[in-house]
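Chain lettering (A, B, C, D, E and F) follows the sequence in which the chains are written, and residue indices restart at 1 in each chain.
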Amino acid sequence: MKRLGNRNFDTLRKVKITPNFLAHPEGSALIEMGGTKVICAVTIEPGVPGWMRAQGVPGGWVTSEYGLLPASTTGRNQREAVKGKQSGRTMEIQRLIGRSFRSVIDLKQLGQHTVYIDCDVIDADGGTRCASITGASVALQLAFRKMVEKKMIPRFPMKENVAAVSVGMKNGEWMLDLCYEEDSAADVDMNIVMTESGKLIEVQGTAEEEPFSRSDLNKMLDLAEGGLKTLFEIQRKAIGDEPVKNNTPFGNLGDALAGLKV
Amino acid sequence: MKRLGNRNFDTLRKVKITPNFLAHPEGSALIEMGGTKVICAVTIEPGVPGWMRAQGVPGGWVTSEYGLLPASTTGRNQREAVKGKQSGRTMEIQRLIGRSFRSVIDLKQLGQHTVYIDCDVIDADGGTRCASITGASVALQLAFRKMVEKKMIPRFPMKENVAAVSVGMKNGEWMLDLCYEEDSAADVDMNIVMTESGKLIEVQGTAEEEPFSRSDLNKMLDLAEGGLKTLFEIQRKAIGDEPVKNNTPFGNLGDALAGLKV
Amino acid sequence: MKRLGNRNFDTLRKVKITPNFLAHPEGSALIEMGGTKVICAVTIEPGVPGWMRAQGVPGGWVTSEYGLLPASTTGRNQREAVKGKQSGRTMEIQRLIGRSFRSVIDLKQLGQHTVYIDCDVIDADGGTRCASITGASVALQLAFRKMVEKKMIPRFPMKENVAAVSVGMKNGEWMLDLCYEEDSAADVDMNIVMTESGKLIEVQGTAEEEPFSRSDLNKMLDLAEGGLKTLFEIQRKAIGDEPVKNNTPFGNLGDALAGLKV
Amino acid sequence: MKRLGNRNFDTLRKVKITPNFLAHPEGSALIEMGGTKVICAVTIEPGVPGWMRAQGVPGGWVTSEYGLLPASTTGRNQREAVKGKQSGRTMEIQRLIGRSFRSVIDLKQLGQHTVYIDCDVIDADGGTRCASITGASVALQLAFRKMVEKKMIPRFPMKENVAAVSVGMKNGEWMLDLCYEEDSAADVDMNIVMTESGKLIEVQGTAEEEPFSRSDLNKMLDLAEGGLKTLFEIQRKAIGDEPVKNNTPFGNLGDALAGLKV
Amino acid sequence: MKRLGNRNFDTLRKVKITPNFLAHPEGSALIEMGGTKVICAVTIEPGVPGWMRAQGVPGGWVTSEYGLLPASTTGRNQREAVKGKQSGRTMEIQRLIGRSFRSVIDLKQLGQHTVYIDCDVIDADGGTRCASITGASVALQLAFRKMVEKKMIPRFPMKENVAAVSVGMKNGEWMLDLCYEEDSAADVDMNIVMTESGKLIEVQGTAEEEPFSRSDLNKMLDLAEGGLKTLFEIQRKAIGDEPVKNNTPFGNLGDALAGLKV
Amino acid sequence: MKRLGNRNFDTLRKVKITPNFLAHPEGSALIEMGGTKVICAVTIEPGVPGWMRAQGVPGGWVTSEYGLLPASTTGRNQREAVKGKQSGRTMEIQRLIGRSFRSVIDLKQLGQHTVYIDCDVIDADGGTRCASITGASVALQLAFRKMVEKKMIPRFPMKENVAAVSVGMKNGEWMLDLCYEEDSAADVDMNIVMTESGKLIEVQGTAEEEPFSRSDLNKMLDLAEGGLKTLFEIQRKAIGDEPVKNNTPFGNLGDALAGLKV
């Protein structure tokens, strides 16, 4: 099977991560996966959500918000601030992003802080939720490094990097990292979120047109794992590995990550 | 491992489906799974969504809305009509329900109709989204049977029944059909939506506390398949198998379903 | 005049109240009046509304919320959580329910608690606001009994039961407890809320089509009183009369209510 | 009993109606009842609500909206346009106003028009809903007169004037036309809407503090009737009685109203 | 050029300010400029906005809200409380009003109070934002006088009066104080907000149809200054000049204003 | 006076415009003015707003929407899509942007199209509304060029470029193009929108702290004119001047613009 842009079924699109893309937030990154471009920003604010205070849950919180710029899609998509509410799709995606990171971040280490992960899509060409997660992992590493250096928190709270990739099926053939045109036509659409150490964080497979079998599921998971390895390498390069200053117990970031490598 | 209520790790809670629970909608069912009770209603309305008309997509549409009654949970949950918006969780669940059925319903057969699946939780004790899907499949069968009999549509449009069940992991042990207390404590939480013929429609696995491995995933899928077989039998009994009158091409519902059996 | 279902002008529809219908709230009841079915739930939450705190008003608060399930009516009615606001009709009804009980509950006895009365209509066939009030009175009795037994409050705070019934006029003839079809055609529509001791709490009469006279009003009030007597008996049976434990000053519920009997 | 401002229990506050208070709407009036001042405006727009078009109901529609200016009350009340929604109280009142006039207006005579009755309270000192109705009746008469003269409709569609007044009880004593201070302290609060020919349109009695008896109800209705007679005279003077030009079948407005007099 | 109503290009419409128009707010005024009528009300509430508390900004705050009554315009304009949000035009105007006064009020003198300026348009015939500002200045003077007399604040916090007027261009001709018909047709529309001592607070010039030159701008500013002088005189008469009691440091209001005269 | 970054009072920050920054919209540009970065996108959609259709206004429409990304500011600013409404500031800015271009675009030439100008701020360091206008002018030129080439419209509808710049005053000194820190401290803040031929489109001057004089106004306008000349040159370079194909009557874009030069 030959795909758009002459890709093989198991080839990622061209990926580029630009760290520290923005001036203000604690951490940020621009991620480009083929035609998809997402600005990922991590902001740290004092305080925790009301339900944590009410229940006396110790530590901090990690949450995420996602948006599509109106001109990021083929045919302008209406600005949600004007409509007055976020769509179900937006809500579903931002909940996925937040969830994906809460299982690798030690919330108790965050103190009374809320970590906001904002993922804003500038250009959308399929796979925006996966690109958001992969880019946000870099922005989080940069933000936490800054928090440790500023002694806002005593130690680096993120256990390892997280990346995500889409896989799909069309007419019985599997493919990795679908662009928009492929995604719209796919029979099955799947998103895999994984840690750098190879553990699954989220598996979401949906039969858009045609139910699928257990062996299809396995084939798609294999495909995803291949692509994710490449993404973890690209993340590493974007983050760099200077030591995290003041990170009392875990040593520098390089070490911290090294111990978690596949 | 002994669970709450002395269940085995692979035992469903007590399930009961009461068909035609409501007076007005075309199809309805009350489903009880242990302490979880959901009213599932299917209403047929003339017309299709604006985007279908605009794009000239032929056929009809299937959509879903989900709600929790304020007193259905431990500690009253705020009425969404008063808050003025649906939560992200609600949106995520109702999108899942709608999606689950669109892949087994031949939308082109529906004519210019919109099929609303309303799932309203009366008592919540874990697994409400899965119970909603399992109950809604029964309500849809009843509604489509009525549509065929009233000659609103020429043939029965639903290929086969759909059911869903949750599975989870806690301290390295797997379990089927989690109640609320088990669900809140689980390390991994997974929902499987399947057709009666054994194909997957949706697989959603989430590491709440601890990332999981491929073999954990497989173990949980096995567990789910066992539970789903029982659910399909219970659905069959609730639907009954009198012939569908006026169903021109496919014969009666019994036949239609028979051909799809596992 | 012969009515739908062969009822006399002064006959109630078949009424059934199932106490403790739900698992979680402090008190609950399912009330069925002919084809109208309403789940009434009473939840107690710590704290009082902001305006009470601000003004330093002592005691607690009683409030109500009302909803129609989308499939409860002929022709699906749009979910208010999706529309993003409650209709004027919904607001009017839930204000009536709350008001009806505040005049028979000693708010000062409630301590710093808010009592939520949720009335959710499963099937609507006319008279839903009246059924809500009649069912909610039972749910409140059960909830307050539980509060006294748990020593959340020192004494039983509800002076007596409350019930409500609709009456109407069509072509100069009066009738009790209108079903939807009768209600839609009525010239005058009236709702009477009364205490078990025969005092009026709310009288709402509306000329939908034709203004009415003082003697019509009196005739309708007579009719309502007859129906309400039956409703109070049905409420009593649903509540039962085991003694309320720990109810320091007033003795058991049976006594408390006995003193208020007509 | 001596009341605030030395009024007798059966005396209205000073009432003044200024017709044609506004420049743009088809009809308008400023009504002052003691310290309560309401601008009532009637605007005619082509077209009818969607539900009427959908159901093919012939004729036009009459609806109402009500508002309190933020500075109309003791202690600024928050602007509903800023809060983003109308309160339940506002909804309840505007529904009452619309309903009150639909039973005396022949909707079929209105053609495809919607009649908006806007009642905006400038100063609030109790009884704003009653003042709104009494003032709106004048504004409607003026607007319909204009419609007939412009030949927008063939004949005068309003059967007779409508007025409303509040009555209440405190410590077993009844009183007419309560000001804010009296209203806040009342045990029972009642609003009576009546036609000039003495028929009831709406009776709303509410026990705020203490349930009331049938004889209390009758006493309050008597009291209301007395006050309403005076209001109908004041309305007449405000409207004036020049003949309605072009009012083909009914003759001039003076005649039309004369035939309806008590 | 002869204008509507035979006005000269540099003549204001007839202006009338009625002070203390409302019963409840601390200060109020009705301003009439030709066919435009606006009720301006100033209410003082304890407390300051959340952002001031959070940032520890000392002193009080001045803010404004603006609204059009639905029947104030040709063709009813939809009630914003019903639409559920304020329009961009409304927001723009109320921001302008608030801003205009914050530069002449010494916020630190206000203590922990918020000053609400509500401007509600009863009849709209062009220039409503300017009339609002001119009327609100009077209402503020009256309210602050009352605050000083009640010893809520130690000294009079408003440095001088503020007034506003519109100017415009049509076919190369300039004109002062446009009515609605002139405003709709204008090529350039400008609003000037000035202090009594002749300083500019806000200059807003907009080319609706045709960009304009620097010399046009100057001509329009000259025209505005002429009109504003008249407005300051009318304000003075409406306010009166009895001494402000208890105004410790600045002397009476007359003096305070005298020092600021043009 | 020496400013932040050693700028002179009359020096712009470093300005860079990247045309065609996005993949999907008809025209787009990224503008950077010092630390302020705005993505400007122009999308063309068939159809015109409801009020134009209702009133039968010929031609098309130009409108604008503006947003700040949550992480674009010092201290995360809350996402408006989550708050459920746009702030007054956002509304005011997007209204300004739309207005600024409607006076240089021949709406009748647009046919039945709506032109959306989306300005989304990625990094905010003062002057975002001015940068938005300057960048949007480039995006509009590119979009209209494409429309002419695709023969969607017969001739180029935009008369000339538009640019905007801020000026301000602090302690009696004037300065051009304020960064955030300067803007927050300024006594007077002004935004000037001008056409390339030197005509004014919008002049907005606001005394934040201190009213200003006519001569201050003139000084600030002079300062703005100087900066705007530079901005028009930078716009020209970004647009380029290849001929617009198919632009029947006006010749190529270069000519069109040339005729309008200062």
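As a convention for this text, contacts are C-beta pairs under 8 Å (C-beta built on N, C-alpha and C of every residue); 3 or more make two chains touch, one makes a residue touch a chain.
What you are looking at is a predicted structure, and each value in this text was computed from that prediction instead of being measured.
The chains touching chain B as well as chain E do not exist; no chain touches both. The interface in E-F, B-C or D-E that matches A-B, meaning over half of the contact pairs are the same by residue number, belongs to E-F.
The mean-CA centres of chain C and chain E are about 51 angstrom from one another, to the nearest whole unit. As a whole-number value, the distance joining the C-alpha centres of chain A and chain F reads 34 Å. Once the centre of each chain is set as its mean CA position, chain C and chain D turn out to be 29 Å apart. The geometric centre of chain C is 60 Å away from that of chain F, both derived from CA atoms. The residues of chain E that reach two or more other chains are 84-85, listed in rising order. Taken together, the touching pairs link the chains into one ring where each has two partners. A single ring links the chains, and its order as traced from chain C towards chain D is C, D, E, F, A, B. Residues of chain B touching chain C in their complex: 22-25, 28, 35, 39, 41-43, 45, 65, 67, 69-76, 79-86, 90, 116, 118, 120, 122-125. The part of chain B that touches chain A in the complex is made up of residues 85, 88-89, 91-92, 94-95, 99, 103-104, 194-195, 197-214, 216-217, 221.
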